[in-house]
Amino acid sequence: MTVAELAALAGGRVVGDAQVLIGRVASLEGAEAGAISFVEEGKFLEGARASRASCLLVPEGTGESMVAAGEFAATLIEVARPKLAFALIAEVLHAPLRRAGAIHPTAVVAESARVEEDVFIGAGVCVGERVRIGRGTQVLAGAVVEDGVEVGAACVLHPNVVLYGGVRLGSGVVLHAGVVVGADGFGYVRDAAGYHKFPQVGTVVIEDDVEIGANSCVDRGALGETRIGRGTKLDNLVHVGHNVEIGERVVIAAQTGISGSTVIESDAVIGGQVGMGDHARVQAGAIVGSKAGILPGKIVRAGAVVWGVPVRPLDEYKRLNAHFGRLPQMRAELDELKRQVRELTARLAETPDAGEPGEK
Amino acid sequence: MTVAELAALAGGRVVGDAQVLIGRVASLEGAEAGAISFVEEGKFLEGARASRASCLLVPEGTGESMVAAGEFAATLIEVARPKLAFALIAEVLHAPLRRAGAIHPTAVVAESARVEEDVFIGAGVCVGERVRIGRGTQVLAGAVVEDGVEVGAACVLHPNVVLYGGVRLGSGVVLHAGVVVGADGFGYVRDAAGYHKFPQVGTVVIEDDVEIGANSCVDRGALGETRIGRGTKLDNLVHVGHNVEIGERVVIAAQTGISGSTVIESDAVIGGQVGMGDHARVQAGAIVGSKAGILPGKIVRAGAVVWGVPVRPLDEYKRLNAHFGRLPQMRAELDELKRQVRELTARLAETPDAGEPGEK
Amino acid sequence: MTVAELAALAGGRVVGDAQVLIGRVASLEGAEAGAISFVEEGKFLEGARASRASCLLVPEGTGESMVAAGEFAATLIEVARPKLAFALIAEVLHAPLRRAGAIHPTAVVAESARVEEDVFIGAGVCVGERVRIGRGTQVLAGAVVEDGVEVGAACVLHPNVVLYGGVRLGSGVVLHAGVVVGADGFGYVRDAAGYHKFPQVGTVVIEDDVEIGANSCVDRGALGETRIGRGTKLDNLVHVGHNVEIGERVVIAAQTGISGSTVIESDAVIGGQVGMGDHARVQAGAIVGSKAGILPGKIVRAGAVVWGVPVRPLDEYKRLNAHFGRLPQMRAELDELKRQVRELTARLAETPDAGEPGEK
């Protein structure tokens, strides 16, 4: 595509030769001729000038001065948000591979399954009874789709994904390799003999445009459903317990675990290796720092930024950590004070008119 | 089944129409006609009265008064432990799907494998040489059972489970999708050139009625065996290192990791995201809080309740955390004391008969 | 093999009958006739004397005295490092199973794939277009090797491993079951509508002799590459984010997570459940304790030993933890001091010549 076309796509303004052809995205350092890259505010000039990219996305109002400051081989496109424009352009230049509709001869698809047009079903895939798969969806090698599952349009199930019976996926859902959706939740009732399984007969609903990282697990609801809202993104090795409810546009980094019945409202941002107890609630737009621990039943207020185990507001967390780091100094000051008070007490005892000394 | 039959099953007493037919379990809110639900002590009346369940399990001695307090559409069953009764009834009403014995034509089963009656082997399953699979076991699509593995009766290996060569499973074992049993433990010996693998030639034994959550990993013993005792339950994404020994009826929540040669005795309860160093021991019935860290070689005493990194008794953990949260106040008090002592020292210096002032 | 042969292999000296035949390695307690075991300095005599092993590796200079101290059934081999010798001997006695070259009839191998001699491709394996697989490599059942992947010689891909398109493995690489290499990194750009994927169009390079534990995930680079250096070993359930660069001979224990663009230099040792923020750097030979948390951008100096969240030098970590544990005592001392100062103040106020009391 030409720089002019990309500029139109990104809503930007061209500074330089608009007819240069661009074939792919690249980092500033990794770019070669034919690549487009981007520079973010603050730290750009050095890297940008050294880059061999043919086109650079730059912040609005910076293009002319960059060119003025010295010879610039690359054509520039000024946009409000270069990184966002870069992502949008990449979606076009590097559209994910969509294999043509086909069912591989080694796949096993139940007769009662309803597979729409343009669906690709790879080698060794297993599709159960009464499954429905929407148009354009790609089910890659080794994935297992159990009975009664519904998958929307334009989804990608990467290799070896497993969907347990009856779970439902919207459209545009991407599940990376090894993701398991709908395994039994972890609930037992104990008696003298040991543990009896609490019924795990609910389901999972994953809404449109959700993406889930490799080897993550989303358990089915015990009685109701586990739900992940539209546009939410989960990283690798995340655990989502039974009956968890995650809102829209939530981001959850790798290895975080969410216990049963906890709610994460829309637009929350959750770091990696966070642990959430059951029946907790993270309200809309809250930010939970990596490695944080949220106790069962805890409510994190809308928009709050919390860190630590257990979580505290970030300001308080930082302040407490600073105090923690100065404990040895505090200890030393306390010892010095004790010495001074001992001395004062002794001196006061020697003062004739100072009355009776107190108990030490 | 009729309410009368369910009451007999649960050892309960019917209050109301014992001939009502019940087909499934449900939550109080999610229940429709034909469903049974349960109420636990304390918080029941509101939800119970609003529920559309046809039958409710209630604590002993509460049925009559509940009915007396107002019209009650549902039949009640009084039982000692409603949640336990609910679980037992669910085991009957929602017995897990047991597919009839069959070997899918796309499965690859070695000639030397000994597969008993009523075993289901799904699409694309691979069963190695000299494997033995007990009666009624279900090996679902994509599972891989390597040479020499022994699987007992009535097990369920969910899709894409992998059993490395020679591991042994008892009866009634449930492994969720993506579980890996018997991969090499993580042990190396370093020399100048780098790391040499310490031999990982032991095995894994998983006793009867163990359930392991999706994508969890149980490594084989280096020289001896890794063992998980009867009735123990592991959640998703748990890591069990080489030569770990887990007793009976242990519960381990998601994402916990157990290093090599550590022992967890029977009836322990382990939270999520706990980390245990090697050669540690959690004695019988101990409770380890989520996110706790147990140092190598540490012994957690029988019945203890421990939290934190490193673990401490829960009481102490809470007390220390409270002190931690008040560090800024402690700092302020210390500063105020220093001020007062300075002042006292100064005043004492002005007192004619108070002798020599000490060093500041 | 004879003890003499094993001694030659390990560079050791035989004390006793050098013609005894040895067939396998074992622990001291688990050994039977025909097995070799080892004893490390310090704690050996009890276990060694009780062992039924036919041969024992012992530290240099200890053999004769051990024999002199009492009857010893086993032949001894004195070596500088018994455990290392044991590992080297195990590599010979228990060479990993290498199946003869063969492509299972249920495997699906693209015509354009170039598979060298002696490669084993198991049941249900899927090998994509233009894949190259080096001599002697074993691709076990259910593994998926997507288009354009390069795998070196003598690798082992255990069952259900997934290699996304274009990733490259050196020789001697071992990936345990369920490992996913090359899934998309976790990067998004937000606008009003939600999250757009930042392009994840880089690749992964895994150098020679790397071993990766079950169900671990290594994401592809966003624009460049994610790289794991020669001889590095990863445990189970480890997460390696996009563009991470790991040096040679690094060891990373289970469930550790490494965020995007972080660098771990050669010979570092990383504990389990460690979390690393993005763009951090662990310099050569540093040791990071289990459960540690490394903030984004943080540099851990070469050779440092760090623990805690956030990481601190181990000495400081221990000292602070000790202070933390004594907070209640500090609190009590502070209260006692306050009492004493109050008393001193009161007494001084009663002293006729002590001037004006300060404010309390």
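Worth pointing out:
Order of writing sets the labels: A, B and C. Residues in every chain begin at 1.
Simple rule for what comes next: contacts are C-beta pairs under 8 Å (C-beta built on N, C-alpha and C of every residue); 3 or more make two chains touch, one makes a residue touch a chain.
Note that the coordinates shown come from a computational prediction; the quantities given were computed from them, not determined experimentally.
Shared contact partners of chain A and chain B are C. Residue numbering at the chain A/chain C interface overlaps only partly, since under half of the positions present are found in both copies. Each chain gets a centre from the mean of its Cα atoms; for chain A and chain C, those two points are 25 Å apart.
For chain C, residues that reach two or more other chains under the stated contact definition are 106, 124, 142, 160, 178, 215, 237, 255, 273, 324, 330, 334, 337, 341, 344, 348, 351, 353-354.
Listing the residues of chain C that touch chain A in their complex gives 106, 108, 124, 126, 142, 144, 146, 160, 162, 164-165, 178, 180, 183-184, 186, 188-191, 194-199, 201, 215, 217, 219, 222-224, 237, 239, 241, 255, 257, 259, 273, 275, 277, 293, 309-310, 312, 319-320, 323-324, 330, 333-334, 337, 340-341, 343-344, 347-348, 350-354. Chain A contributes residues 24-27, 29-30, 81, 83-84, 86-88, 90-91, 94, 97, 104, 106, 122-124, 140-142, 158-160, 176-178, 209, 211, 213-215, 230-231, 233, 235-237, 248-249, 251, 253-255, 272-273, 290-291, 321, 324-325, 327-328, 330-331, 334, 337-338, 341, 344-345, 348, 351, 353-358, 360 to its touches with chain C in the complex.
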